[in-house]
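We call the chains A, B, C and D, going by the order they appear; numbering starts again at 1 in every chain.
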Amino acid sequence: MFLGDVMESLAVNSAGEVAWPLASRGDRASTTVRIRDVVIGGAEFVVIAGPCSVETREQVQEIATRVGRAGAALFRAGAFKPRTSPYAFQGLGDDGLAILAQTVSRAMPVVSEALDAAQLARVAETADVVQVGARNMHNTSLLRAVAACGRPVLLKRGFAATIDELLLAAEYILAHGNPHVLLCERGIRTFERAMRNTADLASVALLKRLTHLPVLVDPSHATGRADLVAPVAQAALAVGADGLIVEVHHVPSQSWSDADQAISCDAFDDLMRALAVQAPLFRRTMRSTSTADAASLRRCREVIDGIDEALLALLSERVKVARAAAAIKGELGLPLRTPDREREILRRVAQAESELPADARLRLFRLVIDETLAAEQPRDTQEVTRD
Amino acid sequence: MFLGDVMESLAVNSAGEVAWPLASRGDRASTTVRIRDVVIGGAEFVVIAGPCSVETREQVQEIATRVGRAGAALFRAGAFKPRTSPYAFQGLGDDGLAILAQTVSRAMPVVSEALDAAQLARVAETADVVQVGARNMHNTSLLRAVAACGRPVLLKRGFAATIDELLLAAEYILAHGNPHVLLCERGIRTFERAMRNTADLASVALLKRLTHLPVLVDPSHATGRADLVAPVAQAALAVGADGLIVEVHHVPSQSWSDADQAISCDAFDDLMRALAVQAPLFRRTMRSTSTADAASLRRCREVIDGIDEALLALLSERVKVARAAAAIKGELGLPLRTPDREREILRRVAQAESELPADARLRLFRLVIDETLAAEQPRDTQEVTRD
Amino acid sequence: MFLGDVMESLAVNSAGEVAWPLASRGDRASTTVRIRDVVIGGAEFVVIAGPCSVETREQVQEIATRVGRAGAALFRAGAFKPRTSPYAFQGLGDDGLAILAQTVSRAMPVVSEALDAAQLARVAETADVVQVGARNMHNTSLLRAVAACGRPVLLKRGFAATIDELLLAAEYILAHGNPHVLLCERGIRTFERAMRNTADLASVALLKRLTHLPVLVDPSHATGRADLVAPVAQAALAVGADGLIVEVHHVPSQSWSDADQAISCDAFDDLMRALAVQAPLFRRTMRSTSTADAASLRRCREVIDGIDEALLALLSERVKVARAAAAIKGELGLPLRTPDREREILRRVAQAESELPADARLRLFRLVIDETLAAEQPRDTQEVTRD
Amino acid sequence: MFLGDVMESLAVNSAGEVAWPLASRGDRASTTVRIRDVVIGGAEFVVIAGPCSVETREQVQEIATRVGRAGAALFRAGAFKPRTSPYAFQGLGDDGLAILAQTVSRAMPVVSEALDAAQLARVAETADVVQVGARNMHNTSLLRAVAACGRPVLLKRGFAATIDELLLAAEYILAHGNPHVLLCERGIRTFERAMRNTADLASVALLKRLTHLPVLVDPSHATGRADLVAPVAQAALAVGADGLIVEVHHVPSQSWSDADQAISCDAFDDLMRALAVQAPLFRRTMRSTSTADAASLRRCREVIDGIDEALLALLSERVKVARAAAAIKGELGLPLRTPDREREILRRVAQAESELPADARLRLFRLVIDETLAAEQPRDTQEVTRD
């Protein structure tokens, strides 16, 4: 009841000024960040995937091939790891960067984390995007340094950072001259410890209103459980995120770090196929496979199968709704067939943007209308009609 | 790093026993709860909608008509309101129940909250589902009482209740003899106060693994902001919820309680149309309009328009992927047309469950295959082919 | 930075009105709540102690004797227990109340929890103070009911209740006619799970500024660990609480509930002795033993030993500071002995409120001044002086 | 109920190893950290005080004089400030260090924060203790760097850092070769926003059990409110902290940063006098004033006045308890005077460690015993006795 003031204060400080003038949406269009041929913040739902850490050349190569084939746009892998314990594996460091440079970075853009200014130049030399991790979101020295690194920055929300603070951290980077900032919701720390963090998906929708910057979601850290990555990833698409960053490992149980939350390459395939089918309904596109081999062909076919399944489900739903409409028409004494309405539908079909030519679209929808009409009639009527 | 034990302990206590034997999924099928003709926990994505509080007969009637037309399955409205301040409007009480009984409950099943055992019999007489609110999730006396009320119970997660505790609260109701329990995630209290609560959507996916009970999401309380209700509602569908409970008001700004989070009837229409189109992709169905008038007919047509838009988007995506497949085939020296593959597609189409007859489906997909094939070829090749 | 408005809103709502007019301190004196011969909210630091649950007549008798002897003013024990699991021990119910009525309640006032209106009359018949537990702080039906129960109410802060909400819950009771409300901080739920809850001791100091009601602390639930009860209890005294409610069991490991946090009777003795000595420094008094036997005599002597130890420590500190003052006087060329200052000290000693007669106080402090003066001088000077 | 495992896991990981072998208490004695003539972690309750930021030479000089006179052992002031907004004052940087070097650091040891490795050498040159702030507790690069800076490190707990993580951050510094680590609880971020943070004072008691390192409390950041600093500071003493770090400003309302939480020099005087009197009861000592002037002499006298007030309160309490003992003796038919008991008391008095010589102590306590005995008798008996 008494907290209404806070919401307003999110965008405006006590002096009536916007607290993050550069990050604020205002009446700005959404910012897009280009990395080689990938554009984040536009129509594509961009998926960044890869292992928590660089482990070996073979591991990187294997995972990169698999996630690229499944449609990942960027590869993620850490050479410098911020670990809670000094005795945990801290990353391969420069050797890890070298592995990335010699393998995946030729084929795909790479995201990798820098922990301090000293590492930054080396990370920025190999990686196309420099990540500032959750532990460093409040590290203003690093924020200033990445502003000058010449690379886009993937800025993760801190464990307990408010939306306010995430935007102010972005503002540090923007104010120091780097406009290419990607925000990333990766779960916040709450009393609920059944999952590693609490995925704050609503904040994605809020951020899209408050700022023009792209917003990604990390379902792996947000949940800490491999079995929850896929549903949370799909919810991220639905809530309006511009993409994902996902931990994938070819043998998750042998991952050198974060083993509980890495999904297998097969699970990633399944997720990407589901997203590829769902994305169009959220006005998003997904990129296709990046390789040309028998496995990639198989994957294309699996995606087509998913699309066909969706088409069938929607056509069935169309009949159901048309049937309800027909029943209302019956009660209201209206004719079942409404030529004006059909023309209107076809007009819209003709005008749609599509990879399918207009004439093909019209042929298809004329048939859809006819078949729906036939199917929406009561069975005995149908039989009469068919006679 | 040291919290791994907690996750396991979620399902099993220190004695190795499941802490909530009746609520636990184990190898049980999902429970469905039937309320009149509505089944929650099955294929339908069930939406409960209505105002925070019963205000007037006209208000209830107006909102009920609108949400019913838009496809809401149940009506929600509180007669007894648990308000933080003793000076805030506490609900119309028995008069509110009378309004519900005389208006909406003839047309739609009703969900309403009971705050204590004394009110329970009266609420249960009017309401088809009795709600236990977030403030009362830990109220074990009320949990025991609702177990004997003869109605299904909608149990909301407490402000700071763990998944553990939500399931144990459900276990109270189950153990005292009422198997008809609906769980509801409505946001948890965290350090982030930009929204009223933090929508813990990942917990929905976790709950679906831990328990056989249906799980709903309340995007209104979860965010406290009308402008975030729609994206969070769609994310709830995507993450695997069985339905929603949404606050809708015909004049939100004049709502007697929770005015900031109520969406208008028009906004609810938009949301329901979006959900109706998206649901089939998550293997869910949505109910159609419940009324028979010109406005309902208009709504059916809007849903069909939404489905057509989705069909177009998916067909375009199909061409894009088919084109990628064609390119791979080209590189691998494979023929573009693969009769076996086409037969396989049509076989699956024929076998699908659908409101559309098999022969109609086959006619449509033969055309889809042909048009895709035509569209996937390079433009000049296409022209040649058409000759 | 942007949250400043919240703090102000704590006391005043958006319309500029105090949200909890009856609970607000304003310019009111502190409220005291009298229970038989105990006054809470006044000079006495009141300790309520006893087991989590009534288990047996012998258990109640044994613990009551021990905590009474140690200086507890009230006895606590639950007959109706709000347990997270329906399979956990739920309290002895009416049998538990009967045990309390037949044993301890003759000797000491009793605090016991009621979970709902139906139990309330019975609990209020036996208990001198009715507790509303943390799980029920938001249970407005119960708040209204306890307002009419004819007994003072101990109102515990909810797991995730803000200060705002705690005061509004109190306001419910006050507004419905019961002015005898005791607030109780018992730890809040946060991300930190090393302890059962996070003791929010600073909120006690804040509450004492915002409201005229007495504020108690429950160090047992606040930490969930027996080994932390004593330090947190002492911090509660230091931060300004009016008293404690502590879980004590004669065999903690065999406690039927909350075994991890119950302290033994011996540990309670130690805690109470420490508090008895510290309380006077925070302008508080502690009650003496309530029984007349050899053990109680022993306890009196232990408290006197504690006081003597404190007197010794303070006298030593006095010498240390006097010696520093003497050094400054030396540097400034001032005489060591200042008759005006000594007269001033003795004047204040004579005017103090004390159980010791004025002439005795003067005799003692004349000696204190002399001995300090002798001790503050450099060793060789001392020897000369002694000659 | 299911979280018991977490508590154990705090000290031991799943492989049965202590997670922070160097920080773990085990059977180690408490570590003390010496800074010039100050020892933290020993008998002295060490207070670090000063402004949030270095502002001007005059400001530093004025505040340093005042806090030193009041008994502060170290001076705190930031030259490099980690601010949430890039547009907020970021500290004077090297100019701030120069001011510290030219003024206060000659008289008192200084604590100042370093934000990154680049600043570290300069900060370590001027400051006696390098602070790692809450925002950087998870900054492993900085933790490694400060391990090599040649100065003790004051490590603040992160906003949302668990006890686990605080100890692991300390372990980073220890494992990289710097054994001089001071832990600091400064409030954690919770749902409660009435205060800036939630002071987790119980964690101090827990830390003292888990680790041998000194633990300080920052009541300024823990509450964010000047009016709560004193009660929380006293609670910190009571709960077992080894000292405080407090923000003090000569004109708090004009502080360039954190104005709401800085206390005035006068308020700091009052707090230090209270602590000086209370400390002996928690087996702690406080340092006396560090300057030799009239104001310091006045301060010594104020402390003595506080001690005298405490002595009077304790003597009064002694009489009260002795009277209770006398009443019991009466009921049990025991003689009032017990020569053995008196000899035992005097034996202990003679053996105590004290700045007061044994013979002086004995003279004082013989008088205390006599006066108490006289006072504990019923009034008419007293008169008879006096005859």
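Here, a residue touches a chain if its C-beta (ideal position, glycine included) is under 8 Å from a C-beta of that chain, and two chains touch if they have at least 3 such contacts.
Please read these numbers as outputs of a predicted model, since none were measured by experiment.
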item	value
Numbering shared by both copies at the chain D-chain B contact, with half separating same from different	same
Cα-centroid distance, chain A relative to chain D, in whole angstrom	49
Inter-centroid spacing, chain D versus chain B (mean Cα positions, whole Å)	54
Intercentroid distance (Cα basis), chain D paired with chain C, Å	22
Overlap residues in chain D, where contacts from two or more other chains coincide	1, 3-4, 6, 10, 19, 84-85, 160, 164, 189-191, 193
Arrangement of touching chains [line / ring / star / complete / other]	complete
List of chain C residues in touch with chain B within their complex	3, 6, 19-20, 82-87, 90, 115-119, 135-136, 138-142, 158-160, 164-165, 168, 171-172, 175-176, 189, 193
Chain C contact footprint on chain D (complex, rising order)	1, 3-4, 6-7, 10, 84-85, 88, 160, 162-164, 188, 190-196, 198-206, 209, 222-223, 225, 227-228, 231-232, 234-240, 260, 276-283, 285-286, 288-289, 292-294, 296-297, 300-301, 303-305, 307-325, 327-329, 331-332, 334, 341, 345, 348-349, 352-357, 360-361, 363-365, 367-368, 371-372, 374-375
Chain B-touching residues of chain D, taken from the complex the two chains share	1-6, 9-10, 13-14, 19, 160, 164, 189-191, 193
